[in-house]
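Both complexes below contain chain A, partnered by chain B and then by chain C.
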Partner chain A sequence: MNTKTPPVYFDEMSDTGGIRAPYKRLDDWHRTMPSGIRNIKQHEAEALFRRIGITFAVYGEGGDPERLIPFDMFPRVFTFGEWRKLERGIKQRAQALNMFLSDVYDRGEIVKAGRIPADLVYRNEAFEIAVHGFRPPKSVFSHIVGIDLVRTGPDQFYVLEDNCRTPSGVSYMLENREIMMRMFPDLFVKNRIAPVDHYPNALKSTLASVAPQKCDHEPRVVVLTPGHFNSAYYEHTFLADMMGVELVEGQDLFVEGDFVYMKTTEGPKKVDVIYRRLDDAFIDPLCFRPDSMLGVPGLMSVYLSGGVTICSAPGAGVADDKAIYVYVPEMIRFYLGEEPILENVPTFQCGKADDRKYVLENLPELVVKEVHGSGGYGMLVGPKSSKSQIEAFRAKIEDNPGGYIAQPTLALSTCPTFVEEGIAPRHVDLRPYCLMGEKIELVPGGLTRVALTEGSLVVNSSQGGGVKDTWVMAE
Partner chain B sequence: MKLRIEHETRYRFDAPVRGVIQAHRLWPGSFEGQNVLSWKVDTDGGVVGASYCDAAGDRISTVTWRTPVEEFAITVSGLVETADTSGVLRGFKERSVPAAYLRHTQQTYPDAALRTLCEEALEGMEEAGPLDRAHKLAACVAEAIEYALGETEPHTTAAEALALGKGVCQDHAHTLIALCHIAGIPARYVSGYLHAREDGAPHEASHAWAEVFIGGLGWVGFDAANGCCPDERYVRLGSGLDSLYAAPIRGIASGAASEDLNVRVTVAAQEQFQQQ
Partner chain C sequence: MLSRTAGHLYWLGRYLERAETAARLMEVGGRNALLPNTTGGHRNEWEAVLQAMGTFEAFSEKYSDTGQRNVETFLFFDQSNPSSIASCIGAVRENARVVRTAMTVRLWDAINTAFQDLKEMSRTERSQLSMSDLIDWTMKVCAEIRGSIEIAQLRNDGYHFLNIGMAIERADNTARLLNVKYYVLLPSMRYVGSGLDNYQWVTLLRAMSAHRSFIWTYDGELSPAKIAHFLIFNQLFPRSLLTCSMKTADHLDHLARGYGKSTEAQQKVREIVGELAEGQVEDIFEEGLHEFLMRFMVANEDLARAVQSAYLGGAEA
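Moving on to the complex of A and B:
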């Protein structure tokens, strides 16, 4: 890899041939926006976000729950054709990830076939021995698959990581659109943009479609939250509200006999599907961490005896860590007999001697990540790091090679973003949310995160990232 | 050998608690060398539900008390016919994957002292098969940890027991599991009953030992506390990563009352039983 030449970034609005088609109208829009209007609008947007109360951190990154994540008004646009390909790739991946989970919690054919090392699966902390042998309704483990994508060229997309547990941020996707439509109704008249507001309904029908067999009536769905101190609490209340279902905490539920019940003023009501926004370790102190005060004692027994469905299924996390990520293309070939539509970022596994050697020799050019890390913490961006930071990482890798992977620094695409002086290119990524139940469904677009600091490649909100409305143009 | 088991766990709270929930791993399986002739679990008014069989072949059921309760007892009684299989678990229906039993828990965490002990014990045994290595590790545990009641508690870890040099069957099992994991041999915790100690003294409590996975043989029991492999005096109840996961009874009471727990176990040979 030659790092001497400055990287050339693909700008999604303007390439060498001028303004790209999907952005033509937006180019006019921002050029003809009267001076002064922009600031007014920006303040208006902020006020709206504050009023709604949407101030949580994305992706469970922690941080100040009252902090507003910056919203950039310049939309990010995909053509229908671009999206069609992404959609196929995302669905393919979500399906393969779920088939992998069904397999490793059953016979483990992919391990027996030697396509994935046994240790990576069975010694993985996220592999739950307690659910081994259990097949959840419709064989779905991960009901909401968040797949993080980056773009490096007109036709080049890479999957950065998979999120099979409880990916957050979807409320931003919905609110960003809502606010753009309120502030710039004209834009939505002039452009044919695929709607996203049916997501809550789609989520609800996905959850209802995986009700347990013992459920012989209209399934009662609830959202289980760890509580208001959680950084994504706003999203939990938002989704429960939009779906028209109860938002509960562990103490609102109890187990008796074969079922889980919700305490209500009208007496106990049986619960059939729990969309939990709580980590495995905390959902049942009788099965996992005995000190958890957040969960429901006995919940796992009811789940494993078919009395309730938990979404995502406990144990789903074994499909989404960064060591398993390397094998997702292999899963697609193994289970679906297809070639992956979306590419993985080439990844070096520091646990492998050859890879480790290369990584240690090329640290200044690479991005190094902790296998179990998230939120942009515990990460080294070689080209943006000081010598001492690099040396610190070298020591970490040598100490625990299996705990790290490394990837080339990708030339993430940029998208025009409002800055003090007008607009300027800023790096972006994309998280679409794929729903899996009886059927597989994908709302067009997803959440675009933008690195607001000039030159920054880190889009995480904890590291100065913002969000944008994401458009998929209708055919 | 026919063993009659009576196992009563009595809970008393100093003030009524609002409710109690328990997960019971109290149903022994039948396999070669262990045939359950009769088995009963009395829950003293607790509502039984949500029963399932886990991948390791154990039947787990959930018992709840939703009304204020001050005292209750879980009473297990049964008759089991046993035979000696030299500790080898054969004909047991389970779907678990041995590789999943290489991970440590808080109680089996391999600290530096455990690693050193393992290394020293296996020195010169690089060529030996896993069975010989497991025997060596079990002997090493028996030597390192003296059997002593009241020195350790339920939360004591393998590392702590080794540092103390004293412990009960639970500590021996945790330590052996930790050593096996360090040696790359899958191992798990087994809870059950024992008719009498090796020296003939009656064993008055629930017992525990470790199972080690040996390719070609399958799971093999090792009772480091007694320096032997389980034989016809042993009744196997269930397994797990450690004593917490394999606990015959795991429960939670809602309320601030303090709990007084009383366990009585008798494991009597049927012949003796009939003579009485």
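Moving on to the complex of A and C:
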């Protein structure tokens, strides 16, 4: 049992001084909502999600494979001032991560300067030796950077992790907004909320801006999906549709000579930019996993000879590894000569003897993560875990210390959320999506994930998390 | 348009048509079961329906008798029957899901809503669902999906592939039904011209929602020659072999013009239309209705294969 006083969480709607300004109207809104209306609206929202087909697929667990992510109607709000700071911090970080990638696949200055250990980079599973020496168009490796943020106080934000490969969830950001506008138009009349619906346009121009030099015409962009069994398939169709580009599978593409083509009813059409939503290991069976049926044989050789651009670039994963995460503030200082605007969560690397000692002594207080894990799996939340779970993790860490990092359990902020009895505070995080091509762009908003179980700190949809519409108040 | 996308749209059209045919057959079977016995009582009527769909064998393997409840389950709900309405609507939705980007929100909405309804219905107590509800629901859903295609879908190549799928499948269904009349409904030549024969022709017309149209068009006189003419050659009747083939030809021509090139598929459909346009009922009866229909079905399949290899990436779905 934890005998300490329970931690005090920052609630984004009501702090010690009463209702915070950006939530004032929402407070009225939920108080004056007639009883009964709420349930009707909640059902309406669910029916809309199902009808539009916004589901994520979970196969192999029995039951309906098409699940809805629970949608909470209570919006999460940022003031313009709060957002401006976040925006600067996110762009700074996305830029540094891309400079890091350009560097480590080139001369590796940051390693030579002793700012990041060589082993962590070059022996990293995500380091792609095949692209060493290759510079992608506009020197961008990660075109969509998803930065997971948590908040602990009015002015205190932390970066929880970076996603440089293919961060998902942006379709929820857009659809949550669509559905809220449809159900509660009044809220949008009374509040000045910055729109997010230009994201697909911005994404398309970002992708078009990194077309290969060899491309001498309007670039043809496609979205490459592993197929409709993928849990994020809805998002793939959504983005392709909103951008007005083809959604292709590996079987629709083929390589001939120096270029990639797609099979169409009018014969082959050349493809210039591939926004791929599948992992490096699967994109080209000739270069990576030979057993993959999802990719395109020969794609990598076309890529390396400048015939096509792959977004995100193969090898980008080395920047979002949890072991590398610790060094991102260092990257910002090294490449940009600036101090990081957004802080990292203090992180203990179990591979280091001192850190490990501290971690093993303080497991009940810490959050432990697998270095290569994702989706909230393979994670220990010390204060919420039983003795036996903690002991199981102790054994794992002792067995493979380099495979784990640990962080203090953060007092994640809460946001009012509809529950059976009215509203109650629930913990939230935030994932904004930063676009990098010729320029760097960020739509005002992101995906707010909420841990719907009382007291839970795990917001992942695979672990009972839900989503909220995220508002940035216009100036 | 991606070949794979075109393929999914084409199959969406085929399954949609197949679902509707299944509902029509259920309607006929259900109606006939209400009438006094003609040959061996209502059981035989259901058997004829199953024969018409080419699923009697599969049915017999699974169910002990052709009671209405069994047939209903088999034709509507049974996922193991690839021609059941549930299977067809499921296939429509699966094809649609894969190519969401190629259809309007309205069309997807119609398809997806039908699919969600279907799930709801399979959870509903069966005594709450009368057969006429099931049939009405299917006809309504098919009409809604078709309507969404007509009012909102861009007239681009995707629209043509949808329609080619529907027209090829519809031609096949009409030929199949007509053929079954010859084989199952009319086991012996000695019935030709008898009261029973007429009754069975009416059944066939009803299966194609064409009884009234026929009476209007041919002054009510039922004769094998007139009915064959109606179902094969009449350009006013939307399910006749000629109308269906002309529709396929029309959409294939649109594609050829849009793409600036003609393929084997246009060639094949032109041959089919050419023969039908000049055909005479007398010639067909001379050749033998069955032989003629078999030849048509083979040619139609051939056409489907040509469409597949010219546009849909070659591989069969």
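Keep in mind that, in the parts below, the second predicted complex is superposed on the first by the 463 of 475 C-alpha atoms of A that agree within 3 Å, B and C clash if a C-alpha of one lies under 4 Å from a C-alpha of the other, contacts with A are read in each partner's own complex, and residues count from 1 in each chain.
Going forward, contacts are C-beta pairs under 8 Å (C-beta built on N, C-alpha and C of every residue); 3 or more make two chains touch, one makes a residue touch a chain.
This one's a predicted model, so the numbers in the text were calculated from it and none came from an experiment.
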| item | value |
| --- | --- |
| Chain touching more of chain A, residue-wise (chain B, chain C) | B |
| Touching partner for A:L286 - first (chain B), second (chain C), both, neither | first |
| Touched partner set for A:P297, first chain B, second chain C, both or neither | first |
| Touching partner for A:Y122 - first (chain B), second (chain C), both, neither | first |
| Which superposed partner A:G307 touches (first chain B, second chain C, both, neither) | first |
| Touching partner for A:D252 - first (chain B), second (chain C), both, neither | second |
| Residues on chain A engaged by chain C in the complex (per definition of touch) | 50-53, 227-228, 237-238, 240-241, 246-249, 251-252, 262-266 |
| Chain A - residues contacting chain B, complex | 108, 118-119, 121-123, 125, 127, 129-130, 132-134, 254-259, 285-287, 290, 297-298, 301-302, 304-307 |
| Touch list for chain C against partner chain A, complex | 1-6, 97-98, 100-101, 105, 108-109, 112-113, 116, 157, 161, 255, 259, 311-313 |
| List of chain B residues in touch with chain A within their complex | 19, 21-23, 47-52, 54-56, 60-62, 64, 66, 95-97, 99-103, 241, 244-245, 250-252 |
